[in-house]
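Both complexes below contain chain A, partnered by chain B and then by chain C.
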Partner chain A sequence: MKRSHCFFWGILPAAVLIALFFITPAIWGVYTSLTNMALVGKAAKHLQFIGFQNYVRLFRDSAFFTSIINSMWYVVGGAIIGQFLLGLGLALFLEYTESNKIKGGNIVYGFVMLAWITPALVSGFEWGAMYDFYYGTLNNILKLFSLSKINWLGEVPMLSVIIANIWQGTAFTMLVLNSALKTIPFELYESAKIDGSSRWQSIRYITLPLIKNIAIVDLISITIATFGAFLMIMAITSGGPGMKTTTLSLYAYRSAFENYRIGYGCSISMILMIINLVFGLTYLKFLKKLS
Partner chain B sequence: MLVKSKYIGICLIVTLMILGIVILISASEKVTIKVWYPDEFGVKPKYVDQAAEAFRKDFPNVNLEIARFKLPPGDFKTKLLLALASGEGPDVIHYSGESNIAEFADAGYIVPLDEYVNAWPDYTQYPNAVKDGVTYDGHVYAIPYGLDMRWLYYNKNIFKAVGLPVPWQPKSWNDIINAAIVIKERAPDKIPYILYAGVAGSGGTLSHGFLPLFYGAGGQLYNYNTGKWIVNSSAYRKTLEHYRQAYLDYKLVPQEVMTLPKPWTTMRQKMFTGELGILCEGGWVYGGAIYTLGLEETEKMAGYTIMPSEDGKFFFTIGGSGTVWYVCSQSKHPELAWEYIKRFNSKEIVAKICLETPHPVARIDSANLPEYKAQKYLVDCTKALEYAKFLPLQSELNQVAYRIQLLTSRVASGETSIEEAMGKYVNEMKLDLGEDKVEITE
Partner chain C sequence: MQNKVRLMVIYFIFIIILIYFSLPSLWLFLSVFNVHASPFIEVPRKPTLINFIKIFKDYNFSTYLFNSIFVSSITMILVTLVASLAGYSLSRWDSKYKNTLIYSILLLYAIPISATMIPIYSLMRVLHLRNNYLGLILIYTAGQLPFLIWIIQQFFDTIPSDIEEAAWIDGGSYLRTLFSIVMPIAKPGVAVIAVLSFRAAWSESVLVIVLIDSQNLQTIPRAFFEAVKTMGGSAIEYQYEIVATMGLFFLIPLMIIFLIMNKYFVRGGMLGGAIK
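Now for the complex of A and B:
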């Protein structure tokens, strides 16, 4: 068998699965976003191709813009600042404890991993119980110190869901960057040390440049995942109070499966896809520039 | 050549035999009628089964398949709609009436029942107001059995403890706010008042929160003369003013109402565990408490009253058709689907189910049964329905409800001022329904 034939048969199953479960729904999504498809009312009976009407409507819908701004806060606070920086810090900490044979690293690793393997919906309910004003764990802790209760979900709803998101998602970055750190030859640090480099200088001039490619891939992954995530917010705040924690993905879900306007929901999803694409391309461009 | 044609002949005979067997099997197959209903708590199965037993006795050759879904109503609706959209719907649907009747009818999911009800002598037992509640576009689309209405509940123990009168009948909105302020001051560990707002409140935000105020301020959501939705009026502002007072000015309603995933579950529980003072909720909440706590305990703890208008000039409740029965348009045997519905909605079953889960009955003859008349709560419900105002039975109601959820939460959370929230609401309604379907009255 020719090498090219092997290649073809090798990728065929994966290509068929991707076409079936990713490309086909995406094409269906594009088509649906150009229709008035709905599950109730007259539109459910008379499916019509309406061109870009859903998109025109989107740009006149103030709730849509609010959800974009909320999504940006959620991604920047939860993924880029929270998950990434904390994950990087934890990865460096684990590497440090391992190379210096300090005990305790595995315990931290175990705790962070526990958060990651908990399903998002379960985590959401757990955090909901933590934040509960009347019976919540956090307010009970405050009570122990004779401090007054905080209305977490009423006063700082976005911060509350961002913290929950960081708690759950940090393990992924920690794992990826920890693996990246292990690929750096130890000799590089030793030579730097002999040359009189401080620990910070080693991180700045050896560690970070050598893990930057993997860090960018990690950033792309967590950005896309956080942008599309809605289970956690759904379980903690349902997007409220008001529209304060309604992200783009939650708004798309609401439009499609609570208001039963599938076409409109799909048009929101398309915008979500485009924003994710822009994020991905920006990161890649940034990576190219760094290289 | 001869061998080849012999083989072809044998193949043909075998194929024909297989086809014949398939046709015979399908011809002898029983007609199947599928009934779908949601029930999280297991109250309805015995009544559904009782009707099924009567049906099977009369139609022994029909295969009746009953499917109970242990899902909240919203989740059941999504499941049902996806099944209907893919042509896999059941023959009989049991689901909430009100706005769904118009939505389902416009989508072509349900069939008009005019010809069936005209031939059904029992239909004369339904009062005209009940019939109107299931009539859309001049056609009867559903059969109700237990009606809905809303009460302003209050916890008698809390009221007595803080020195408020029991029984209590607020004469105006100010009376409600003042009572809640007293609870807040004298029983700071209790929640004074719950008024649903936001998306988390789901349908309750409109029917238990917004409308009892809006109608009390003389508001009208839909103009039947022009066929347009009224999206801006002084009643909107008065209602939102009450929201602002309750949530922000006096902080009587906790913001958690807008963030709890199912606020009604938590708040109903708090009402009956003595942690909540005042709550506007469905009549079924009291019924549910009787079911779990018993009549005596419930009567001791919970008081109920109808809603006052803003200035106390009139009193009313929000009525509704409750959960109803539909015949699905995808049914191949709608006449058999109707036969099942008829058997469920018999005088006896309607009376029994409405006694067990206290609801005002839809049939007059069921209400005349002595055991029904002996229950004070049911008599009060039936009486309150005389003052009922109803939701507009229009296909767009659920979209309007969603925008009202956003409107109330924007004000209640302090996200925007009343004027700004109204501006956004008017724009969103124009976008959702079309400029020609909305009007502004001042």
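Now for the complex of A and C:
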């Protein structure tokens, strides 16, 4: 047998599995989104092809637009501002303490990583307890300083889930940017120091430009992750109060599995997929630049 | 003097960051040993192991633990085999379409489970593959493959192909060359994808919620989700200690895996990875 044929057979099992259990569901989703598939009511008994009705209804559904705006807040506040800035700060900070032989960095690193590997449902459970109005740790800390209690999940629900999201996700940016910092040759900083530039100047004019491309790849990664994740929100607020913390992915879940409208839920899934493919293409563009 | 102030500022920042990142986890670890845990973080006055006994005796946790280990292990074996085979073949494949293929595989990786969960549910319902581990494992495997093929292919790229070519000329078969010559050299890479696939299958919670209803087939994430939902109500009735203990079992294998994998994370070899 020719060697190239062997390579074909080597790729085949993976190709079949991906085609059947990854790509087929995606295409099946296009079909389902054009039907009135449901688990309860009249539609459950009479599956019908209804064309683009789900999509038409989607664009008249104010909850759909609310969930898009919520997703935007969640991604901008949680990932782009929160995780990224805190992750960048932590990466620089840990690098600084390490190179100056200041102890304690490992403990910080350990707990940031622990938050990252904690499953989303467990994180949500932990933060739900933190935010509890009467007995929660946060309000008890406020009481300690004689400050008034905050109704975290009632008054500022979006901020609350964003704080939990930053807690969970920051480690990724910290890891990626920290390893990027390690690739910068030390001599660059030395010569900048000799030229009389301050620490902030060398961060601004040496570090940041050199890690720019990796930072963009990182930003797209955390955007994709935060945009798609909904389990932690589900465990903390179930999307409430009302629609206040229902992001687009959570709205898809609620439509399909709480209101049992599978066809309608699928049309939201398709919108999610298109947005993510756009993110993915941008991601690849910058990943190619890196290699 | 200036050094002392600087050090104090640094440790102040350390403490603020530590409080933010450690409080929720510490609360979980402490609640586990409490007879009646509350949402407030407190050191148990009389530490007890009763919650560990309770979840196994009253909440059928051994079944969930066994199911989770079963599903994750089978997924791990399947993913490692298929991804190694494909990654090796891709690595040695000499074609102008190679990069296009690799990038299209990676593009799939950008699609999150939240975008495919409803179509998967609908398809599995039609195929009668809900409440069936075969369906769950195949979906997990297919979902893991894109990213892990990419990772293992990069490992194979670093292994020079001279050695295998010698074996090839000697009349060794493709599979024998792969398993007796290449795999032993690529061991660290294979270990990485094995551990990552186990981790992913262990902590995946969306599809298992959507695809598994049957009580006997529940895995830890499914049971934990149920516990968070049903043991709710007012904070007084909430059995935080039971849910926390289940959460601890959910978390500990991931902590062990992380300790094993730490050097790979630190080395930065995971760049671009772990999007989900």
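We adopt the following convention: the second predicted complex is superposed on the first by the 254 of 291 C-alpha atoms of A that agree within 3 Å, B and C clash if a C-alpha of one lies under 4 Å from a C-alpha of the other, contacts with A are read in each partner's own complex, and residues count from 1 in each chain.
Keep this in mind: a residue touches a chain if its C-beta (ideal position, glycine included) is under 8 Å from a C-beta of that chain, and two chains touch if they have at least 3 such contacts.
Just so it is clear, the structure is predicted and the values come from calculations on it, not from any experiment.
Peer 1: Answer with first, second, both or neither: which of chain B and chain C does A:Y205 touch in the superposed model?
Peer 2: Neither: A:Y205 stays clear of chain B and chain C.
Peer 1: Thinking of the overlay built on chain A, is A:P157 touched by chain B (first), by chain C (second), by both, or by neither?
Peer 2: After superposing on A, A:P157 lies in contact with chain B but is clear of chain C.
Peer 1: Contact-wise, after the overlay, does A:G240 reach chain B, chain C, both or neither (first, second, both, neither)?
Peer 2: After superposing on A, A:G240 lies in contact with chain B but is clear of chain C.
Peer 1: Should A:F49 be classified as contacting the first partner (chain B), the second (chain C), both, or neither?
Peer 2: neither
Peer 1: Regarding the shared-chain residue A:G41, is it in contact with chain B (first), chain C (second), both, or neither?
Peer 2: It touches chain B, and chain C stays clear.
Peer 1: Quick one: is A:D61 in contact with chain B, with chain C, with both, or with neither? Answer first, second, both or neither.
Peer 2: first
Peer 1: Determine, for the superposed model, which of the two partners chain B and chain C contacts more residues of chain A.
Peer 2: Per-residue touch count on chain A favours C.
Peer 1: Who does A:F257 touch here: chain B (first), chain C (second), both, or neither?
Peer 2: Once the two structures are laid over each other on A, A:F257 reaches both partners.
Peer 1: Just checking: does A:D132 make contact with chain B only, chain C only, both, or neither of them? Give me first, second, both or neither.
Peer 2: In the superposed model, A:D132 contacts both chain B and chain C.
Peer 1: Could you pull out which residues of chain A sit against chain B in one structure and against chain C in the other?
Peer 2: 128, 132, 134, 235, 257
Peer 1: Using the touch definition up top, name the residues of chain B that touch chain A in the complex.
Peer 2: It comes out as residues 74, 78, 81-82, 84-85, 103-104, 106-109, 198-200, 254-256, 258-261, 275, 395-396, 398-399, 402, 406, 409-410, 412-413, 415, 424, 427-428, 431.
Peer 1: Which residues of chain A touch chain B in the complex?
Peer 2: Counting only chain A, the residues touching chain B are 38-42, 44-45, 57, 60-63, 128, 132-134, 151, 153-155, 157, 234-244, 246, 254, 257-260.
Peer 1: Using the touch definition from the top, list the residues of chain C that touch chain A in their complex.
Peer 2: Residues in contact with chain A: 7, 10-11, 13-14, 17-18, 20-25, 27-28, 38-41, 82-83, 85-86, 88-90, 92-93, 103, 105-123, 138-139, 141-143, 145-146, 149, 168, 174, 178, 203, 205-206, 210, 221, 224-225, 228, 235, 240, 243-244, 247, 250-251, 254-255, 257-258, 265-268, 270-272, 274-276.
Peer 1: Which residues, counting only chain A, touch chain C once they are in their complex?
Peer 2: 1, 3-4, 6-11, 13-15, 17-18, 20-26, 28-29, 32, 37, 90, 93, 97, 102, 104, 107-108, 111-115, 117-130, 132, 134-137, 140, 167, 172, 175-176, 178-180, 182, 214, 217, 221, 224-225, 227-231, 235, 249, 252-253, 256-257, 262, 265-266, 268-270, 272-273, 276-277, 279-281, 283-284, 287-288
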